[in-house]
Amino acid sequence: ADDVSLQLKWVTQAQFAGYYVALDKGFYSDEDLNVTIKPGGPDIAPAQVIAGGGADVVLDWMPSALASREKGLDLVNIAQPFKSSGMMLTCRKDAGVSSPADFAGKTLGVWFFGNEYPFLSWMSKLGLATDGSDGGVTVLKQGFNVDPILQGQAACVSTMTYNEYWQIIDAGLSADDLVVFKYEDQGVATLEDGMYVLGENLKDAAFKDKMVRFVRASMKGWKYAEANPDEAAGIVLDNDASGAQTEKHQKRMMGEIAKLTAGSNGALDPADFQRTVDSLLGGGSDPVITKQPVGAWTHEITDAALN
Amino acid sequence: MKSFAPVLTVVGAIFVIWYGAAVVLNSAWAYDKAKRADVTLSFSEMVTDTWSQEKPLLPAPHQVVKEIYKTTVLKKITSKRSLIWHGWITLSATLLGFAMGTGFGILLAVGIVHSRAMDMSVMPWVIASQTIPILAVAPMIIVVLNAVGISGLLPKAFISMYLSFFPVVVGMVKGLRSPDAMQLDQMRTWSALKPTMFWKLRLPSSMPYLFPSLKIAMAASLVGAIVGELPTGAVAGLGARLLAGSYYGQTIQIWSALISAAVLAAALVALIGLLQNITLKRMGMLR
Amino acid sequence: MSWILGALVFWAAMWAVNVKLSKGPKTRLISLVVPTIFGITLLVLWECMVRGLNISPVLLPAPSAIAVRFANSLPILWVDFVQTFMKGALSGYIIGCGAAFLTAIAVDRSPFLQRGLLPVGNFVAALPIVGMAPILVMWFGFDWQSKAAVVVVMVFFPMLVNTVEGLKASDHMQRDLMQTYGASYFQGLTKLRLPAAMPFIFNGLKICSTLALIGAIVAEFFGSPIKGMGFRISTEVGRLALDMVWAEITVAALAGSAFYGAVALIEKGVTFWHPSQR
Amino acid sequence: MNKEVIIETKGLDLTFETNDGPVHALKDINLTIEKGDFVSFIGPSGCGKTTLLRVMADLEQPTGGTCTVNGVSPHEARMNRAYGYVFQAAGLYPWRTIGGNIKLPLEIMGYSKVEQEERVSKVLELVELDGFEKKFPWQLSGGMQQRASIARALAFDADILLMDEPFGALDEIVRDHLNEQLLALWARTHKTIGFVTHSIPEAVYLSTKIVVMSPRPGRIADVIESTLPKERPLEIRDTPEFIEIAHRVRDGLHEGHSNG
Amino acid sequence: MNKEVIIETKGLDLTFETNDGPVHALKDINLTIEKGDFVSFIGPSGCGKTTLLRVMADLEQPTGGTCTVNGVSPHEARMNRAYGYVFQAAGLYPWRTIGGNIKLPLEIMGYSKVEQEERVSKVLELVELDGFEKKFPWQLSGGMQQRASIARALAFDADILLMDEPFGALDEIVRDHLNEQLLALWARTHKTIGFVTHSIPEAVYLSTKIVVMSPRPGRIADVIESTLPKERPLEIRDTPEFIEIAHRVRDGLHEGHSNG
C-alpha cells in the first residue's frame, strides 16, 4: 500500500469528518492507500508543514494558501470538498450592532494565523480602517474561544457556522441576542478547507496516481458523512485523542458541515476561485496578494478521480 | 511534621480566598443570566449559582475536584478521557526531556569548568539562550523536527530539554567550582590527575548544588512538555487538555488539567528531594 | 558542500583564536571579545548551513535575511517592543517582584506563616504557570494588563522564596551581635538582615528577569490587541514570514539579555562585598 | 573589699536538646563577679566557656538556676545595653567598611553623628588600625579583623566587656601587645571583663580571677584569685609567683581532662 | 655530620601580582634542610611562612631563585609523591568518613584495599582517634578534625612532612600531647619535617632548627640550630637551655616586628 499523510488545519472534529470516515470505513485501504491523519492546532501552519516535508497533502484555506504561494511556496489546490464558506462574524445585539454600518468604533474579535485575510478584505471593502485609526474598527486577536463576546470585551467575534457559534449558544446566549453576518452573504466568502499539494510533486506520475486515489476515497468519505451524520460524528469522536469533544457538539457540527460540502463533488469551481482571488486582491492598501495567481489549482486530479 | 499545621492553615486560607473569588468573578454571569430570564436572585441563590456554573470564570474547588475524580478514578486508564492517560503522555516527554537536559547540562558544565575558552565564549550565550522565548518558537521547532523525520515524543522532549538544561548548567558550574583552593591544593600534593580530581573532589562537592538545580530543571521540563503539546494540535497530554479546555471555554477542564500538572510537578520534585536526602545522607552531608 | 566545509573550517579557526585569547590575561576587552567571536561563529555557521543545505526560508531563514528584515521593520518592532516589554513585562515584573518582596517582609515576623507559605510557594512556583495564561487573559482583558498579570503570577513565587530564604541568610553570630546591642526588630532588619539578603534577592530578580519576558510573550498567544511580540510571532508564522518571526525573536533575546545584564550590573554594585563578586 | 556585685550566678544549669539526646553543657555554676574584676575562663574545648558567657549576655537561656547582671535579669541588662561582646570569630559585616562596622552599634544606640566619628577614630587608634577606616573587612588580615571587632565592642560605653577568645587568631607578638593594651584600658576605665582563653600564661597575666572549667558536664573545677599586683609589666611572666599560679591552673586543667 | 641535603633554596624570590600592585612575599631565601631535620618556621602573620612551604611543595611558583627537593625540582618531587602536607585548616572532605578521608590519598596512589585498611587503623591509633573511623568530619570537634588531617598526611610513606600550623586550633593540653607524639614519630621514622607555628615554646620544643622570618618582604631573620638533645621530655621546657633558645627566638621576632 502507498503511504499518504494528511495534515489537518485544526484539531480533530467533525469539520474533517470525511477523512476520518474514509479511514474508518476502509475507503482508503480499498484504494490501496495507507493514510495517516495528523491533527492540526492553533500554531500549526499547514503550509509550513508541507514545506518541511511533514505531509503529502494539507488542508488549508485558499487565502492563506495563495499568500504562501507569493512567499515562494508552490501550493496547488487539487480538490475542494467545501463549496461554501462557514465563516461569519457574530455580534451581540446589546452592543449596538445590527448591520455592517454599525461596525465603526466597535471592537471586533478576529482569528489571525492566516485566517485574518477574509476579514481584512471585507473591512477594506467596507472602507473601515483596521489599524486603530479614527472611524475604523478596533481589532482584537481572538484566542481559541468565544470568551470576548461572552464577557463583553468585544462587540463581535469570528465564528464558524459549525463550531464557535454553537459555543456561544451553549454558553447561554440565545439566537435572539445575536446578529450574524455570514461572509457568504456579504460577498466576501473565500474557499475553505481545500486539499493542497506541492506543485513539484505533481510532476511525478506515481504521486499523481496516489492523489487521484486519495481524492476519490476522501470524497466517498465526505458523501457518506453527509448521508450518515450521526455515524460520522461517532467516528470523529473515536478518533479524538484529546478526549475533549462532546457527542452533542460533534453531531451538531456534522449537520452544519454537511451544508457546506453539499454543493461540491470535489472539483474546484473556477468561478469560486476567481471570486476569492478578486476579493483578496481588493485588499486596499494592504492586499493579501499582489498579483493574479497562476497555476494555483488543477483539475487533473479531480478529473481522473471522478471519472 | 512541624510544618503540617502551618501548611494546612495556608492551604485552608487559599481555599477560602478561592471560594470567595469564585463568587466575585462568577456573579456577573449569574446576574446576567437571571436578567435575561427575568428573575431576581437572592444572595444565597447567587452564591450557589456561582459555585455550580457549567462554564464559570473561576470554577469552585469542589467542581475541580469532582472533575478530577471523574476523569481519573471513574475512567479506564487507557481511555482518552482519562487524565491519567494524558498525564502519562506528558510525564514521558517530561522525563525524557529532563534526562536529556540534565545530561547535556552536566556535560556543558564539565566543559566550562575545565576549559577557559569554553567558559568565556559559551557561558554568556547560555544565558542569552534562555531569553529567547522558546515557548513562542516551540511550534516551529516541532515543525522543523517533523521535517527531518523526528516526531512524537522527541520534539516535546527537546523543548523540555531546552528549558531544563539551563539550571543544571548554572548549578553544576557553581558546584564543580565549589571546592576551595585548599582542597584542590591537597589533591595536588598527592599528585592527583585531572580525572581523579574530578571524580574524587569536584563531583562529590557539586552534589549539594546539583539537586536544587535538578528540582528547578524538573519543573521547567514539565512546563516544556506542556508547551510542546499546545501546538501539536491538541492531540494528547495535559497541555492538549489545557488547550482543548481553553478552545471550548471549559474552565473546569482547564483547572483540572492545571491542578493535575501541579500535582505531577510536586510529585516529581518531591521525588528528587527524596533522592537528594538519600544521596546526601549517604555522603554524610545531611546533619 | 563547499558552504558546509567552509563553515567547519571557519568554526575551527575561530575556536583556535578563542582558545588563544582566553589563555591570556582576563581583561575587560577579552571577556567581551571572546563571546562575541563565538556568537559570530554561530551566525556564520547558521548562514552556511542554510545555504549549503538549501533549507527553505519558510522553515529557517538565513541570518542575513533576518538582518535585512530587522532593518526594514524597525517601526513595527519598536511598537511591539513597547507593547510587550515596556508595558507587559516590565510593569508585571515590578509589581510582581515588589509584591513578593513586601510579602516576604510581612511574613518574616511569623515563623508559622513562613513554614506554611514556603512549601506552598514552592509548589506554586513549580506549577506550569503558562497554563494560567488563558485564564488571566479571560480575567484581565486583552490588552497589556493581562500580560502584566501573567508576569506577576510567574515572578511572584520565585521572588518570594528567594527573599524569605535571603532574610534567613545572616549567620548566628551576626544576629547574636545585634542582640547584644539590644537592637530593635526594625534595626536588625535594615542594618543586618536586608543587606545580608541582597545576594538572594538579586538571584531572584535575575531568574525573574528571564521569566518576565517569556510570560508576557506567551500570554499574547491567548488573545491580544494587534500588536506585541507574541502576537507578531504567532501571526507571522501563519503567514510564513519566518524572517519577521526571527527578527522578533532577536528583539526578545536582545531585550532579555540587556535586562538580565542590567540586573546583574546593579547586583554587582549592591553586593560588591559578597565573595562571588570579588 | 566590700565591692559591688556585677554578675552573679546561682546553681546555673543548661542542657541543650539535640537529635542525639540532651547535652549537659553547664552544671551547677556558682560564680560571683564584682565590679572591676577581670575574670578569665579557661578549660578544654567543649567545656562550656562560650555557653556560660552567652548565658550572661542573654544569648542563651539557662534551664536551671539563676543569673543576675547588675542586679537585674540578663535580658534587662541587655536591653540597657550593659555589655560589649567580642565573639570567637571576628564577625564583621562584609558590606560595611571597618569604620562602618564600628559605627554600627553607635547608630543603633543613637549616638550623634559627630560623636560617632570621634569614637571611631579613638578606638581605631587604640587597636592600631588608624588609616584602615575606609577598608572593607576582607581587605584586612585575620588578625586585623579581630582587632576591628574588639574596637567595635569598645566603641560604646558598656560597663561589662565579655570577650570570647578574642586573641585566638593572632601571633604571639601582637597578642602580647594587645594584652598590654587591654590591661591598660581596664585599669583606666574600671570595666568589668569576662575573658575566655585557651592560653594559661594569658589567663594568668591578665586576670584578677581565673575560672578553670572542666567538661562533660561543664562545671567549675577551680576558681583562682590572682595575687599578682595590678601593675603588670610583661616581665612579670618570669616571676615565681606567676609560675606558681600558672602551675595551679595547669593542675586544674589536667584534673578536668582526666575526669572528662 | 655529612648528612644528605633534602631541600635547598637559593636566592628564592616570590612576588604576587594583585590588583593593588605586587606583594613581595618572599625575598632572597637561602635555606638548606638535611635529611632527618625538624625545621620550624616562625614569624609574624603574613611574613611568608605558608608561602615558603607552598613553594617547597610545588603549590606556588617562585618568581626568582631556585628550589630543589631530593635533588630534583619540586614539581618532579611532587609527582614522585615525596610529601605529606598538612594545611592550616583541617580541610577534610565532608562527604567522606574519617576513614574515607584517610584512605583518599591511598586510593589515589594505588595502594591495595588490604593495605589501605591496615594503614588507616594504624594512623588512627597514632592520633588517638580509633573508633572514629566511621564518623563524618562534622561529628568531631575541631581538634579531632585537625588530628584526622594529620593522620591523613601520615598514612602514606612520604619522606618529607610539611605541616602548616597543624596544632593552631587545639587547646594546650591536647597540644602538648600531640607534640610528644610527633616527636616520637619523627624519632622513629627519620622523616624530614617542615613545621609552621606561632608558638615559641612549641618551636623550641620540637625543632632541630628554627627559622625565624620577618615580614614585608618576607625574609629569613635568623636561623637557630637547637642544642637540645634528641630525647625531649615535656619538662625540658623548664631548663635554662630551653629558655635561652626561646629568648633568642623572641629577640629575632621582635627585630622583625620593629623592622616591618
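A, B, C, D and E label the chains in the order they appear, each numbered from 1.
Note that in this section a contact is a pair of C-beta atoms (placed from the backbone, for glycine too) under 8 Å apart; a residue touches a chain by one contact, two chains touch by 3 or more.
This is a predicted model, so every value here is computed, not measured.
Chains making contact with chain A as well as with chain E: B.
Separation of chain A from chain C in touch steps, taking the shortest path, is 1.
Separation of chain C from chain E in touch steps, taking the shortest path, is 2.
Two chains share more touching C-beta pairs than any other pair, namely B-C.
Chain centres here are Cα means. That of chain D falls 32 Å from that of chain E. Chain A and chain D have Cα centroids lying 86 Å from one another. Separation between the centroids of chain B and chain E, computed from CA atoms only, is 53 Å.
Averaged Cα coordinates give chain B a centre that lies 18 Å from the centre of chain C. Of all residues in chain A, those that touch two or more other chains are 42-43, 45, 48, 51-52, 143-144, 147. For chain C, the set of residues touching two or more other chains reads 59, 134, 138, 221-222, 234, 237.
Multi-chain contact residues, meaning those touching two or more other chains, do not occur anywhere in chain E.
The full set of touching chain pairs reads A-B, A-C, B-C, B-E, C-D, D-E. Chain contact summary for the complex, chain D toward chain C: residues 54, 57-59, 78-81, 83-85, 87, 89, 91, 93-95, 104-105, 107-109, 136, 138. Taken in their complex, chain D has these residues touching chain E: 44-46, 141-143, 170-174, 198-200, 253-254, 257. Residues 2-3, 5-11, 14, 25, 57-58, 115-117, 119-125, 127-128, 130-137, 139-140, 143-144, 147, 215, 218-219, 222-223, 226-227, 242, 246, 251, 254-255, 257-258, 261-262, 265-266, 269 of chain B are the ones touching chain C in the complex. The residues of chain C lying in touch with chain A in their complex are 56-59, 134, 137-138, 141-142, 220-226, 231, 234-235, 237-241. Taken together, the chain C residues at the contact with chain B in this complex read 15, 18-19, 21-23, 26, 30-31, 34-35, 37-39, 42, 59-60, 112-117, 119-120, 122-132, 134-135, 138-139, 210, 213-214, 217-218, 221-222, 229-230, 233-234, 237, 242, 245, 249, 252-253, 255-257, 259-260.
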